[in-house]
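Read from first to last, the chains carry the letters A, B, C, D and E; within each, the first residue is number 1.
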Amino acid sequence: EPAAGSDEIKVGLLHSLSGTMAISEVTVRDAELLAIEEINKAGGVLGKKLVPVVEDGASDWPTFAEKATKLIRQDKVATVFGGWTSASRKAMLPVFERYKALLWYPVQYEGLESSPYIFYTGATTNQQIIPGLDYLKEQGKKRVFLVGSDYVFPRTANKIIKAYAAANGMEILGEEYTPLGHTEYSTLVNKVVQARPDAVFNTLNGDSNVAFFKQLKSAGAASAENMPVLSVSIAEEEVTGIGVDNIAGQPVAWNYYQTTDTPANAAFVKAYKAKYGSGKVTSDPMEAGYNAVYLWAEAVKKAGSTEVEPVRKAAPGIALERPEGLVTIDGETQHMYKTARIGIVQPDGLIKQVWDSGKPIKPDPYLKGYPWAAGLSAGQ
Amino acid sequence: MTAFVNQLPIGLSIGAVLLLIALGLTFTFGQMGVINMAHGEFIMAGAYTAFLLGDLVLALPVAFLVAGLMGLVLERAAIRHFYGRPLDTLLLTWGVSLVLQQLARDLFGAPNVQVPAPSWLTGGVGILPYNRLFIMGLAVAGVVAVWAYLTRTGLGRRTQAVVQNRQLAATSGIDTGRVDMLTFFIGSALAGVAGVALTLIGPVGPALGTYYIVDAFLVVVAGGLGQLRGAVLAAIGLGLLNSYAEFWSDASLAKVVVLAVVIAFLQVRPQGLFVLRSRALT
Amino acid sequence: MIRAHLPFATVAVIALVAAPLLLEPFRLGLLAKYLCYAIVALGIGLAWGQGGMLTLGQGVFFGLGGYSMAMYLKLTEAGGGLPDFMVWSGVESLPALWAPFASPVFALGMAVAGPALLAVLLGTLVFRQRVRGAYFAILTQALAAAMVILLVGQQGLSGGTNGMTNFFELFGQDLAQDSTQRGLYLVVACVLGGLYLATRQLVHSRYGRLLVAVRDGEDRVRFLGYDPALVKTVTFAISAGMAGLAGALFVPVVGIISPALLGVVPSLELVVAVAVGGRHALAGAVLGAVVMGYAKTAFSEQFADGWLYLQGALFILVMTLAPKGIVGIAGRLRRARTP
Amino acid sequence: MLELRDVQVVFDGFRALDGVDLTVPEGELRFLIGPNGAGKTTLIDVITGLTRPAAGSVRFEGYDLVGRKEHQIVRLGVGRTFQTSVVFEELTVIENLDLAASFRRPLWSLARRRRGVSEAVEQALARTGLEELAERSAGVLSHGQRQWLEIGMLLAQRPRLLLLDEPVAGMSKDERERTGELLTQIADEHTVIVVEHDMEFLRRHASKVSVLHEGKVLVEGSVDEVSADPRVQEVYLGRRPSDVVGERP
Amino acid sequence: MLSVSGLESGYGRARVLFGVSLEVGPGQLVCVMGRNGVGKTTLLNTVMGVLPATAGTVMFDGRDVTRLKPHERVRLGMGYVPQGHQCFPQLSVLGNLLVAVEAAKQPKEVIDEALEIFPALRPLLKRSAGHLSGGQQQQLAMARALVTKPRLLILDEPTEGIQPSIILEIEAAIERLHASGPAVLLVEQYLDIALRLADTFVILDGGHVVRTGAAEELHREDVRRLLAV
């Protein structure tokens, strides 16, 4: 066990390295390791080297809680970068609050949350889902079918979508959930096809996306032109597994693509490929994880300490040029200002941006700025 | 109405998938009494074979061999110590399945991979795409082959003899070890074939096997152990049930309904659809 | 007499005195978790090792117990309001199902009685029809799968995939305090010890012999004038009740209950643990749960990337080389030493 | 006491029992013989609830046995042994016997440990000569020893009607002798039905014999009457009834 | 033909056979006798390789077969009818016979020959063997061994549970069979049959051979005395 000597700072990386979520989370960990390596190469933080302590959440929420406890109490890490699913975050939240430790969570999620001990570097709903809906509306897609995995993110997202639809003259033709890991979509495809929606809003997660798109494509009835499927959980990494043929031309909503044109991104993509192989792609959650390390390091520098409270105090207002553009920490919610982007999956498997919000959007996890969403965050 | 009618062929095609994944189990589970939880990983091996070859048709025979050989190794290395203890094989093979999943993760990476579907499989008839028809055809072919093997060859008979009375089989001149190997080879090989077919409709990744294993065993249980016609009817029945239950409710509830129906069904036919009764007490 | 109880007494002293003194709070918490699993394992040892019912759905009972306790904890914490997850799931008033769980007596009672009743129901259905062996195993496995889907689908009632977490206090004690956690550990250890003694008594009684007879020759038992379905159902219910109690203890110890804890995989892991420890001896079941729990933690900490290999390999090795599990190896060694 | 009327059993179209009428009064030792496949075991199966008759009635001490579960029939006082003996291999001989003797106790009372050996078990041990093997597990018994244990379990159950399916098959001469005496003794107070093929054994111990053939009772009578019957000779005894296997070791 | 010397075997730590030796010459019929539990079945199982021998050797046709698997011994010409009317319960009667025929690579016609000896089986050919009565199963077991055309036939209480008339048939069949060449190793409780058939006796007690000799040398009363408890 590496002792935290005077010239080292231990940080925890807690992602699923086994189980169903490993597909996505391993790459986020890799991006975080890259950031740590880069920071160390540049002299570390406060003159000390960062030492990553990697733990496996094993796609199992209670394990996330246990490993988080271990990182905090046993390894006494300065902070933890970790999680992907909302379930894992919900499981870790009480642990971080109980021990007053810090978690950096890198994935887009359903909002309606802000813990003083969590920094959210992925998008909240007003930075991804609502822009996605705006995009559909702009395209004249008014009749929408909702398809999602059966857990908290899709269900909450769909609640927001329905409220949005009610306020914006959209019609929701159906709302279907399938268990995580579900792979038989013929019935669902039949339902979708029969409903003849203008568009599908897809919040399926993980392997189900592969089955869904393959089976939708071979049913032949839907094409990206007459019935686009807008996805919010499919990034570059997932496209290969789905098969480009099955998803090319479909829209996705994120804050970052590998093709995003910033100098910081050029460097990030280059460094990532150099470290992990030229065939590898980068994606939004990876970039958010990569950012998280830099943002924390910046806060530590500013605070002059790795202690939790000074870092929290120092964090608000920190703004860095990141691969996705300017990212600023919002002190009130501990979420980030992020630029929303709609992209289209290209035949080469990359995603080309077709729309962006022009500037970073202020995070609004409780959608306080949207009158139609008033009922959603009641009780918070 | 169209949607409703469409569910019929959809149910049949779900049944065909179930049948294809359960077919190998009628060998390993039905004939040998081995509850092979690694069956799903043999399916996965078939799928990755298709990925490596990049050609579905070529992959069918190769996956048959690859998965079959994996089964053979498993049988020789471990399972043969467990005959007569079927419930223990369940746990053993589950351990094997964990290791194989992790192995796949290390060999091929955690993300899913893509197997290109041959161009002649694009398109379809009505609601049924050609790839579904292909799977149905494969399932039918598999059933016929298994049926012929079990009832038309001496090997099939020897397989049954070994399971039913191992010691007597040995003293009747049957090389029980060879029969075990062969049976397990075929059962696993069929999983490989199923894996190739599944690349047409599902994800190809390390967790592939886990998605199908519970359903596959339900089919075998509902059909009656080792009963080919039982497995066929159970697969079709469960496929249709699944299709209509999901049509009227949702995918989650459909799964629960399927299970409830299987339990209810076992109230009427405790040993599954078809059962060979024996006078012997257990 | 004294010699017969010596091993148990030694273990009891280590567990009740040495462990709380020597282990850091985090490790003691982990040990408490393993001991909760050991209670489930004890039930599996009874149902499977003795009674031959390979139950692959024990997580369901564990979960029912856990959810009962979690509902109580959530309600005390909400103090008349709605639990947090209901708020973000859009539930507006407390579901009727939840109301009685505000009472700790009801919640604890249900944690044990609920699983036992479900077991009686299932047992009556399947055992009367003489469904057994692999059929029973696969049915219970499907039950676990279905239960997870149901829980996940009922997000407003159950917290969905997330399950329930964020518990603050139990009977007025702050769960974040190390002293509370130490107290919980002692409670778990005592419950396990008591159940172990009771189960051992049962196994060595006539009932235990009958159970073995049912396992090895259910049909023949009928001709001795017993109803095997009744014997099996009662045993299954006892083991389900134990799993439920374990679940109820688990929740304040670990601080979360979620469908991931009661599905096919955790249920299988528990059975595997029993097999590794040695299913024919109750001590084996308990030992197996602790060893496998520890191995999982240790392997995954040391080798975050490849620990599944080690877990799988450990398990395959024990199963193939020592079909009677760790207890079997120990027994063989002892016999080798005493000529 | 036991009365079977027109009992029929059909398996996939095959009539294993084709209208059996049989009355066995209290305290009788009745032997049942007949060709292999005549339906003797099936008859016992029907009485004990293992096989459900397609038609006919089975009455025992006024109770209708048809449709009752196996264990309920045992609780009415009907016990049996099996042609292929089935004992609990992991339990010791004593434990096997004790289980057989304890079925009338309420289930909860079984949760106590067995202390010592009950009278019924002791008697069964003595009568079967299994004392020496008492603490051995039944799994190590040889074929013949298992036969004895089966008989012991039947005795320990203390039924009023005992049905024995080829109890002396595979036993040595002395043991057959002992079994015969035992059965005669038991029949004083109980009703006993024994299926056997050993004619010498019958000659020594049987008073009344029923011959079953193709699912029907062919003849009933004393051993001599029955073995003199040409039909019995034809279908069962064979051409050399005089020197038919008699001597045993 | 078969030569067993110093054979020891048992179950786990329990030894049952203590140095058993016996010879079966070509065309000879040797009858093993002994009370219940003396180790007769254990002896036959060890000779067939079902149980491993812990010491001693089994020679067949001058070849050491002690370490061979059961099926290899069958292929060398040993046929076995185990005790307790065993069968493959879910195969038909015909299936049971075919399995044995195929394993021994015999022509299908041998089945007809076997059915001549056991005509009662003919109407039952399609029935599942598990459904047969005990006696029918025992007849099937005999037939199954016969169709492999063994050169040494090993029988463990073949007449148990069989009706008197068929016992006579079996006796005649064994007599005929062994007259036509094959040697026979027989365990039998029916002394009459044993005395009529056997060329040589081997009497076991407590896992030891206590007496062995040609039929002429042994008198009925001697045998009886040796077998008494």
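Quick note on the criterion: a contact is a pair of C-beta atoms (placed from the backbone, for glycine too) under 8 Å apart; a residue touches a chain by one contact, two chains touch by 3 or more.
Everything quoted here is computed from the prediction, not taken from an experiment.
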item	value
Touch-network distance, chain B to chain C, counted in steps	1
Touching both chain A and chain C (chains)	B
Between D-E and B-E, the pair joined by more C-beta contacts	D-E
Farthest-lying chain, centroid of Cα atoms versus that of chain D	A
Most widely separated chain from chain E, with each centre as the mean of CA atoms	A
Rounded Å distance, chain C centre to chain E centre (Cα mean)	52
Euclidean distance of C-alpha centroids - chain B vs chain D, Å	46
Computed distance of Cα centres, chain D from chain A, in Å	75
Distance from the mean Cα position of chain B to that of chain A, given in whole angstrom	37
Shared-contact residues (touching 2 or more other chains) in chain E	131
Junction residues of chain A, two or more chains touched	18, 150, 177, 179
Chain B: positions in contact with at least two other chains	102, 250, 252, 255, 280-281
Contact footprint of chain A on chain C as seen in their complex	24-26, 29-30, 33, 82, 87-90, 148-149, 152-153, 155, 160-163, 165-167, 176, 254-256, 258, 260-261, 297, 300-301, 304-305, 307-308
Chain C partner contacts - residues on chain D that touch it in the complex	48, 69-71, 74-75, 79-80, 82, 86-91, 95, 98-100, 102-105, 107, 110-114, 153, 157
Contact set on chain E toward chain D in their complex	11, 14, 33, 35-37, 41, 83-85, 120, 124, 127, 131-136, 138-139, 157, 159-169, 189-194, 220, 223-224, 227-229
Partner chain E, residues of chain B touching it in the complex	154, 157-158, 160-161, 164-165, 167-177, 276-280
Residue numbers on chain E that touch chain B, as the complex places them	48-50, 69-72, 74-75, 80, 82, 86-91, 95-96, 98-100, 102-104, 128, 130-131, 144, 148
